[in-house]
Every structure is written in C-alpha cells, then in structure tokens.
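One structure coming up, written as structure tokens, with questions to follow.
Every chain is named by a letter (A, B, C and D) in the order it is written, and numbering of its residues begins at 1.
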Amino acid sequence: MSANADRPPVIAPGYTPATVTDKISAVVLNKTPRWWYVGFAISFLAAQLLFITIAKLLVLTVGIWGINIPVAWGIDIVNFVWWIGIGHAGTLISAILLLLRQTWRTSINRFAEAMTLFAVAAAAQFVLFHTGRQWLAVYWLFPYPNTMGVWPQFRSPLMWDVFAVSTYATISALFWFVGLIPDLATLRDRSKHWFGKITYGMLAMGWRGSARHWHNYETASLLLAGLATPLVVSVHTVVSFDFAVGIIPGWHATIFPPYFVAGAIYSGFAMVMTLAIPLRKVFGLEDFITMRHLQNMAKIMLATGLIVAYGYGIELFMAWYSGNTFEQYMIHNRILGPYGWIWLLLLLCNVLTPQFLWLKKVRNSVLGLFFISIIVNIGMWLERFVIIVTSLHRDFLPSSWGMYTPTRWDWSFFVGTLGLFFSLMFLFIRFLPVISIFEMRGITTGHDFEEQAGEVKP
Amino acid sequence: MSQIFNRSTNAIARLSIWGAVFILGGVGWAASILNRSAYNTNQGVTVKQPVPFGHEHHVAGLGIDCRYCHSFVEKSASAGIPPTATCINCHKLIWSDSPMLEPVRESFRTGKPLNWRKVYDLPDFVYFDHSIHVAKGVGCVSCHGRVDKMRLTAQFPSLQMEWCIACHRNPEKFLRPKDRIFDLTWAAADQETLGRDLAKQNHLRSTVALTNCSTCHR
Amino acid sequence: MSVLSRLFARHVKPEFGKPGPRQEGGDLPPHLYGVIAEFGKPETLVHAVHATRKEGYQVIEAYTPYPIEELHDAIGHGPSRVPLLVLIGGIVGGLFGFFLQYWTSVVAYPLNVGGRPYNSWVSFIPITFECTILFAGIAAVLGMLVLNGLPMPYHPVFSVPRFQLASRDRYFLLILARDPRFRAGDTFRFMETLGASLVSDVED
Amino acid sequence: MTESPWAPPLADLAVLGRRGLVVGALAGVVSAAGLVLNPAQFYRSYLVAFVFVLGVALGSLAISMLHHMSGGAWGLVIRRILEASSRTLPLVALFAVPLLFGLRHLYPWADPARVAGDEILRHRAIYMNPTFFTVRLAVCLLLWTVFAQALSRLSKKQDDAPAPGLERRMQLVAAPGLAVYCLLVTIASVDLLMSLDPHWYSAIYGVYVVGGQAISGMAFTLLVSLFLVRKGAMRGVLQPRHVHDLGNLLLAFTMLWAYFALSQFLIIWSGNLPEEIGFFHDRLGGGWGVLSVFLALFHFAVPFVFLLSRDFKRDIGKLAWAAGLLLFMRWVDLFWLASPAFHPGRLSVHWLDLTTPVALFGLWLAAFARELGTRSLLPANDPNLAVALEVHAHG
C-alpha cells in the first residue's frame, strides 16, 4: 500500500515484537476480568433459550413456528441468510485483504475469522432444524449409500447450499486454526499454569517457528486465502440461488448473486464494526484497532451499501420493464401491501443511513459508526424478511394468499442463536488471542506478512 | 523453557489424527451394518401370532393354493388375510377340537376376527398393490420367499427401499409366466430371455417410469 | 532428560536434509542434537546464517518469532511443495464433485426432474466448484502440517531454557549434530564468533 | 510537453496513430459501401463495433477511478494510459451519431408497426422510444465525458504544479464517479443491447456489461504498456510486481465476468420460463452454440488457466498475449449478445461485422495515440510515485 499522510497508522507507534507479544497475550493469560463473567453469563443464558427451543422443536417439529402455506419459509431462513451473510466479512477481511496486501487487516482478521466461524455455527442451527425431522435430514442432505438407494437431488439449489455451507464452515475453521497455530505456540511459551501449557501446547502441535515452518506456513496461508476468496463469493451466491433458481416473483431475478454477495459483505462489515468498537474499548486495544480500520470498514460498507441499493433499484426497474403482471404485482405488494412498512424501514436502514458515510466527519466518529453499523445489521435482516416473506405470501394465485406472523418460538430460536454466537465469542476472547500476535510482531519490524505473502504466491 | 511433553507424545499425536479418521470411518461402517441388520429390518424374524399358523404344513404338506386364503391377490392392492370362516371351512372337520385352534373357534363363535399380526409391515407412505405385481408376472416367491418351507412365517426380504428398487430396475430378472406365479418351486431355464420376452408381452413400463417417485409414493 | 524418555528414546525426525554420515572418530557426546545460538536482531541472524552456510554447514535451521523471507533464501530451502499438493487436491476434488453428481443422477438413480436432462451439468457446477475448494483447502492444511513434520509436541530444542523467547523477540540458529561438518567443540566455538548473545548445546 | 523523464515516444505514437487512421479510414470507406448495399446489416454490425469501442474507453475510465479509490503502485504506472483512453470519450460520442439513423433497423420498439401489435412494447413505449433513447444516450455520454475530463484535468494540474490536496480531490471525483458510471452503463446496456430482444429481460445484464468493460479497459491498457515497453518509453518503470498486479486484476475481472455470465445462465436455465429461456435458446442452437462454447473457452477457461500462473503474470510480453485474446473476445462477446437477435437459429457473420469494428477501432486508436502523446507517461508529481517505482529486492 502506498503511504498516505492523512491516514491514521495501522498500529500506534512505539511497539516492538516483545511489547506486542506481551500486551496481546496478557489479555488471555491474565486474570479473568469481572465484566467477562457478566457478559458470558448473559450470553450463556440466552443460549439456553436456543436449547429449550430445540428440545421443543425435536418433539413437536416445525409446527411450533409461524410458517404455513403459503409462507413455508419464514424467519428461520431469514435468520439463516442473515447469519451466513455476517460470516462473510470475516473471510473477506482475512482472505481478500490478504491477497490485496492491505496491512490494516492484520489486527482485525483473527477476530473477524472467529466471527465468521461462530456466525456459521449460528446459521447452521437453522439449516439443521428447519428440516423438522433432523434424523431423516441426513439422507436428504448428504450423498451416502443409504438403505433406500436414493441420492440427494443435485439439481436443487438447496443441495448446493449444503455443500457450500459445509465447505465454508470447514475451510473457515481450517483457515482460522492455521492462523492460530503460531500464536498458540506463543501462549504455550508464555503460559504459567500447567493446564494452559499442556492445552496450548497440544493445540500448537509443536510449532517452533523454524524457517521451514514459516515458509510452508505462508504458502499454505496464501493458498487458503486464494481458495477462500472465490469460496466466500460462491457461498452467498448459492444462498441467492436458493431463491433465484425458483420461479417465485421477487425471487427469480438474475441480479440476485452479486446483490446477495454485496449484501453479505455489507452486513458482515457492519457486524465486525458492532463488535470491534466495544471490544477495542474494554480491552484497551485502540492502538491495534485504530481509526484507520474503522474508516476503511466504513468505506467498504458505503460501497457495498450502494451495490445493495443498486440491486433494489434494478429489481424495481426490471419488474416494470418486463411487462410481466406477476413481477409488477410483486413490486406493488412489496411497497403498498401489508408488509409495505417493512420495506420502507428497510430503505431507511440500508439505503439512507449509510449515505452519511460519505461525510468524513461521520467516518471519524466512533459513536456514529457504531450506530450506523447497528442500523445496517437491522436493515439487512429486514431485507431478507422482505425477500422471503413478502414474495411468498402473495404469489400467483390470489386464492392461496395469506399472512405470516412469527410465533414466540421463532423469536426464541433467533435470540437463542444470538446467545450461542456471543457465548462462543466470549469464550474466544477469553481463551485465544483476539489479534494475530505473530503478524503484529512482523508489522512492528517491517516484516509485513502480507508483503511477503504476496511474494511467495505461486 | 523445559519440555512440556514427553517424547512419546509425538507418536501419540500422529496416531490420534489417524485414529480419528479410522474411528469416524468405523462408526459409519457400523451404522450401515446396523441399519441393514435384522435388528432394524426384521428380515427373517417370525412374529408371534394368536394361532401358530404353519405355511409349511398347509402349502407344502397339503398343497393348498395361495389364493385359497389370500383370495384378493389378483384383484386388489391387498392380498387379503382370510376371514376366520376360511379356516373353519376345513377345521370344522379336521382338528376340530384341537386346543391349539381354540382361538379360531372362539373367533368363529363370537364373530370377532382373529388378531393376526402383520409380518410384512410396509411404511405408510408406500403405495403397494399386489394385483399389478401378479398381473405383470411377479411370483409370490420373489417377495415372500419359500413360504412352503416356513414353519412359522417370517419376513423374507429386508423391505428396505433399495430392495424394492433392485427389482424395479431389473424386473426381467424376476418375471415368470402367468401359470407359474403361484408356483413356489418353479425356476426358469433361461430367465434372461424369458424375462425380456415377458416384460415386452406384459407391457412393463420403462425402468425410469418404474423408479419414478410417484410410482410408489403418491 | 528424564529416565522415562530415555526408555522411549527414538530418533526424532530431523528438521531438514538427509542425515549425513557421522564423523568417524568424532568427539560427539552420545545425546547431542546440535548447538543453538541466540540472536537479538533478525539482521544478525541472517548474517549468521550466511556465515554458517559459507563455513560449509548444511543441516541447519533458524527459528524466528515471525516469518522473515531473507532467512528462507539464506538457509537455502527449496520452494514449498504445498502448491503442488493443493493443485492435486483441487483436481481430485473437482473430479470427485462432478462425478459424484453425474454418477448419482445419470447412472445410479436417473430421475426426471421437470424435464431436465439427467446430466444437468449446468446444475452440477456449484457443487463441483465447492468440492474443488474443499479438497484443495484440506490439502493445503494437511500438506503444511505434514511438510512441517507437525504435530511434534516434543522436540529437542524445547529443552533449551531460553527457546521460549523464539515466540517473542529472539532469533535462534541451530546447527544439527547430524551435519557432516559438525564437530562438538569447533562448532560451538564457531557459533560464538557469529555475534550471538548466547550459545548452548541441545541435548536429544 | 513537459521535460519529464517519462516523455511519451511521440514518433512511435505518430506512426501508431497514422496506421490506425489509415486502416480505420479504409475500413470505414468499405463499411460505408455496406451502408448503401445493406443498411440493415450495416447498423447491426455498427452497433456491435460501437459498443466494443465504448467498452474500451469506459473500462479505462472505470479502472482509473478504481485506482484513485484503492491506491496502489499498479494504478500509478498505467494511469496515463487510462486517462488518455478515457479522454477519447467525445470521439466515441461522435461514433454514436450514425446509430441514431438506424434505430428502426435495430430495435423492435423503434418500429411503430411492431409496437402497435405487441402489448409489452406498448407498455414500455413511454420509456423505450427513439426520442427518449437519444436523450438517455446523450446524457450518459455527456456524464461519462464530464467525469473523465474532471479526473484528467486534476491529473494535469498535478503535472503542472504539485499541490497536496489533489489526490484527495481526485478521490472525491472518483467515488461518486464510479457509482454514476455503473448506473449509466446499466441504463445504456439495456438501451443498446438488451432491448434488441423485444421481450427478454435480465436484471444482471448491466453488471455483466460493466464486468466486460473492465476486461476491455485492462486488456487494452496492457497491450499499450507492452507497446511502450517495446518502444523503450517505460523501460525500468514497469516492474514485474506491477505487471503481476495488473495480471491479477485482469484475472479478477475475467473471473467476475464469468461469474456474472454463469449466474445469469444458471438462473435462467433452471427457471426455464418461456419469456426468459428464449435468449439462451437462440444462443445455444443453430450454430450459435458453437460460438457460446468458443466464448466459454476463450473468454474464460484458457485465459484463466494462463493467468493463474505467476510466471505468466510477471512478464508483460506473455501477459499481453492473454490481453490481446481477451480484447478480441470482448468483441466476440458483444457480437454474441447482439447478433442472435437478428439471426435467430442461424449463425451468421457478415463481412460488415468485421469491417465496422476495424474502422471504429482504427480511428479511435488514432485519437488515443494523439491523447497519449500530450502528457508525461507517469504522473511525475504524484506523492506516491516514488514508492511505486521503488525497486524491491524480490520484486
């Protein structure tokens, strides 16, 4: 990256490999702060809601949700798409920015990758449990020689989704773990307690940081980044195919793949921002997650927000241009139908609010960014609600129109996944380094991992 | 820094990675064995009946035709469980005071049917029709086995879908002439040619049609 | 070294290179793994590596808290073989993904779905792609671990007390006893001339 | 002219311009004969040629705006090529004029008889009519030109006197510029290409065309870079790491284009709706299918495999091969988009299909060569230039 005078630095001046190592590993190795217990307890309590709902769901199946004909996909799928979308920013930050040699990613990539992993875990709950009878879902979803002699239907986008999401979960977990190995070795070497030594030692697998280790490691990291980049695009593309491959008006639009991917990045960066802003405050990590990071993320949010707005616009235009009665009614119903207010709210959250990010003043205000990020998170949830519910509840036949209201179990499932996500997040920030220590060491001495990684590219 | 781990952990660590692969594979393999075992399918398992009816005796010993008792097999979806009256036709004369047959007589007296237990219990979402199978040339023995050798009746096949599908894919391997449908001992000299001819003669639908979901699940 | 580990003593996989013939009549202590030197700056380490290589040592290894590219070149390791493994993984994955779908949809159980061809190759593209990525990614990670000889929780260098700083801000150079050029005393003295802050034996 | 060390090779550019002019003019005369002989075919061929040249100029503009927003050495070393290419937009606008005389030969909505008999065309008539079409095209060309000129002028200012705020001002133009560019390309691509088919519609179309233009711009820039390197004008400037980045961008654009193309195909193929599938039905049968396969192979598969190789991307001589192929394939792609609408069911390549792009591209190249000669080949006063030109040990 070119040096630019009016940009804040990616790390506050004065750090050395030793101080970086000590400061970041101290977060893990020092005594647990009291607020952590409070935060974890609240999250864990919310996660219990998930387990209760799942227990109920296993007995009574999806009848406890508000779904019915015609809206057979309700907020379970809304939440799935929302969570998966949030996960995307993590991969994007670590993979694409690694390929583009953006040094600023270093201090947030670990944390963003963890977010990816936990968001995918939360999303997986919906995929797993919306099938109603999970023990049967195994043969619906995975190709194995079962006793029926049948195989999954590979022409269905839902099967593509199974492969995309499970590949995504596997690769993000591997990418995250590989990134952690040198830092686990650091913790192994710093830990005072025998239990920590053994645990981190086993996870570090005997990492020694030899020249050979680093060389293979960098090559593997870069290749993983190169693989993860098209993967992350493919995942939300496949999610968009879940809808677009069908012929429901409001779903069947060719713009869906890029527009969904942009939306995923948009909400993902919003979530990184929502989490990173309080985190840097409470851990005192402002020197590592600097204003530069927040500004860059704000710019990416603005860009992806504009793409999403483009998607909304082109849908309206094409519905009119097509001259197709059903497409036109879909738009009419989306704006003026019973769920019209949600659409309006969505425009406020997703199209209007991010326009403030054009202003440098807003991009420099931590509080302002925090609020915008939360609003965008809400807006992206509403977008999926509009796409799924509004398109389904009035399709071709007026005789089969209906309304959809989520039940309290729908909501408890959603709140439960939030609890699961934050519980995992709390465990992560307590027991693993939230910032990649070895990469920060490199930055302080000018041995940029990215710069070098770029050079070992095959 | 001193050593945290003993030298032997190197071997253990590597072994555990391979071990995980083998354990996972082993679990999958065991699950598939269990799934296809009689424990799950009831294949070959006899069911306790109110009266210990013996097909071996009635079919092989006495030579009674299947249709004497299962009288709807050519005309309806169900082959038909004989009413008590069918039993009494003979058993009013033979073994008419056997204590073993007391439930039959009681049923006849009271008019309350015998509570026969199902041996072949197909899943509810399978639409199975005996008559079409008989009409197209599938013999009893293909699905029910040598009932003439069964002292007590047991489920002959696994009844898992892969078993159904195996025949629906290659029906010519099992087809037989109309007059041999109820013959449990008959076997073709050249099943391959015969089966192909019969498939044409009986207008069997294509494999694709026969393996369509809606053929059995409606 | 504990008695227990003596009992289980076995050859620990070398960091690199083929084991050379041990020097005849050398004065090697029976359990010497190598000699390690500690440096405070990456530049010093890189210079030391160059000097060591010049001196004729081949079986050496350097340890740093973060990747240093010059070091890799200085030590003279060849290019990583991870990319090749990833390529193989990707090709295998892609073929697996496509033919899994082709076989199940065309051979194993052809079903008419909305009049689409059995070989709906257009619909098979997403899963073919995902399998390519999955296999290639797994190949990258497993390949990295195998090529690095991991997991290896026990390694002789961990016995060096200050080696824990290799994951903080110290830089280490190790000459293995297996090096044909290795002489216990000479090598130790040679390493002391490299500007190291500390030189010590590594026992196996 | 400045006395910059990176002065353009004026003599070589003059030769290039002259050749472009001569070839272009010859092909133009031949094409004009075609206009007399077969006016309908002339306009059909001319449309593809026009959209092709427009794509090169606009692609350059888009890449230069992208560079202003992202920064990076790769952009600085090609910035002047991109600027020269985007400064030709007024000429491209001039190229659009003949098109306006042939609307009724091209578009079903410009034929009153067809509109009267077609419900959907009547529905669209308020938007899709010759007057409004002309207005939209004019506004698009005007706004693109305005953004191109604004950036180019700021860049010139930087050459004249280095001022600290200039980069930021260029960023301030580029950010909204890129958004406006995308929006206008969408509008123009619906107007110029999509509406050739009376009923077909696809929401991703604009994005697909944007992706294609990025390839056009980058491929053309790489060819010019090779030309400049051969003529010794950029010796020592274009380092392997720059070429590597440019190659990666070309790879990324190629993948994006393929991604958009595949998304559109997969969704429409799976949906199989009568109003949509016709587009691919026309393009997969009757000889057009061969062209579709050709497109998939040479617009994506072959360049993709080569562009994956690191060695290939670090050598401008090799990379230019991929760039040349892709630039040619851009024309094939546009031909594939437009022509099946005129000749459904039968692959047809008229000689005018070949002469019109040569004519327009030749004339355009002459203008480009003249524009490239007016400035230094590198923005000498850009504060990031020194860093961008640093020779890395491992570069």
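In this section, contacts are C-beta pairs under 8 Å (C-beta built on N, C-alpha and C of every residue); 3 or more make two chains touch, one makes a residue touch a chain.
These numbers come from a predicted model, not from an experiment.
Asks: Which chain has its C-alpha centre farthest away from the C-alpha centre of subunit C?
Replies: Farthest by centroid: B.
Asks: Applying the contact rule given earlier, which two chains have the most C-beta pairs between them?
Replies: Answer by contact count: the chains A-C.
Asks: Using CA atom averages as chain centres, what separation in Å is found between subunit B and subunit C?
Replies: That gives a centre separation of 58 Å.
Asks: Could you work out how far the Cα centre of subunit B sits from that of subunit D, in whole Å?
Replies: Computed from C-alpha means, the inter-chain centre distance equals 69 Å.
Asks: Averaged over CA atoms, how far is the centre of subunit A from the centre of subunit B? Could you give it in whole Å?
Replies: 51
Asks: Where the CA atoms of subunit C average out and where those of subunit D average out, how many Å apart are those spots?
Replies: Roughly 47 Å, centre to centre.
Asks: Send over the residues of subunit B in touch with two or more other chains.
Replies: 1, 4-5, 10, 13, 165
Asks: List, in ascending order, every residue of subunit A touching at least 2 other chains.
Replies: 149-150, 155, 157, 188-189, 201-202, 205-206, 230, 237, 241, 455, 458
Asks: Would you mind listing the residues of subunit D that make contact with two or more other chains?
Replies: As it turns out, subunit D has residues touching two or more other chains at 266, 270, 394.
Asks: Can you identify all of the chain pairs that touch?
Replies: A-B, A-C, A-D, B-C, C-D
Asks: Using the touch definition from the top, list the residues of subunit C that touch subunit D in their complex.
Replies: 69, 114-116, 122-123, 125-126
Asks: Using the touch definition from the top, list the residues of subunit C that touch subunit B in their complex.
Replies: 2, 4-5, 8-10, 12, 109-112, 151-154, 158-164
Asks: Going by the contact rule at the top, pick out the subunit D residues touching subunit A in the complex.
Replies: So the residues of subunit D touching subunit A come out as 70-73, 119-120, 123-124, 127, 168, 175, 179, 182-183, 186, 190, 199, 201-207, 248, 255, 259-260, 263-264, 266-268, 270-271, 273, 275, 309-310, 383-384, 387-388, 394.
Asks: What residues on subunit A touch subunit C, complex-wise?
Replies: Per the touch definition, subunit A meets subunit C at residues 16-18, 21-22, 143, 149-155, 157, 159-160, 163-164, 167, 170-171, 174-175, 177-178, 182, 185-186, 188-190, 201-202, 204-220, 223-224, 227-228, 230-231, 234, 237-238, 241, 438-439, 441-442, 445, 447, 449, 452, 455-456, 458.
Asks: Taking the touch rule as given, give the residues of subunit C at its contact with subunit A in the complex, in rising order.
Replies: Within the complex, subunit C touches subunit A at residues 15-16, 42, 61-69, 71-72, 75, 77, 80, 82-83, 86, 97, 100-101, 104-105, 108-109, 111, 113, 116, 120, 123-124, 126-127, 129-131, 133-134, 136-138, 140-141, 143-145, 147-148, 150-155, 157-158, 164-169.
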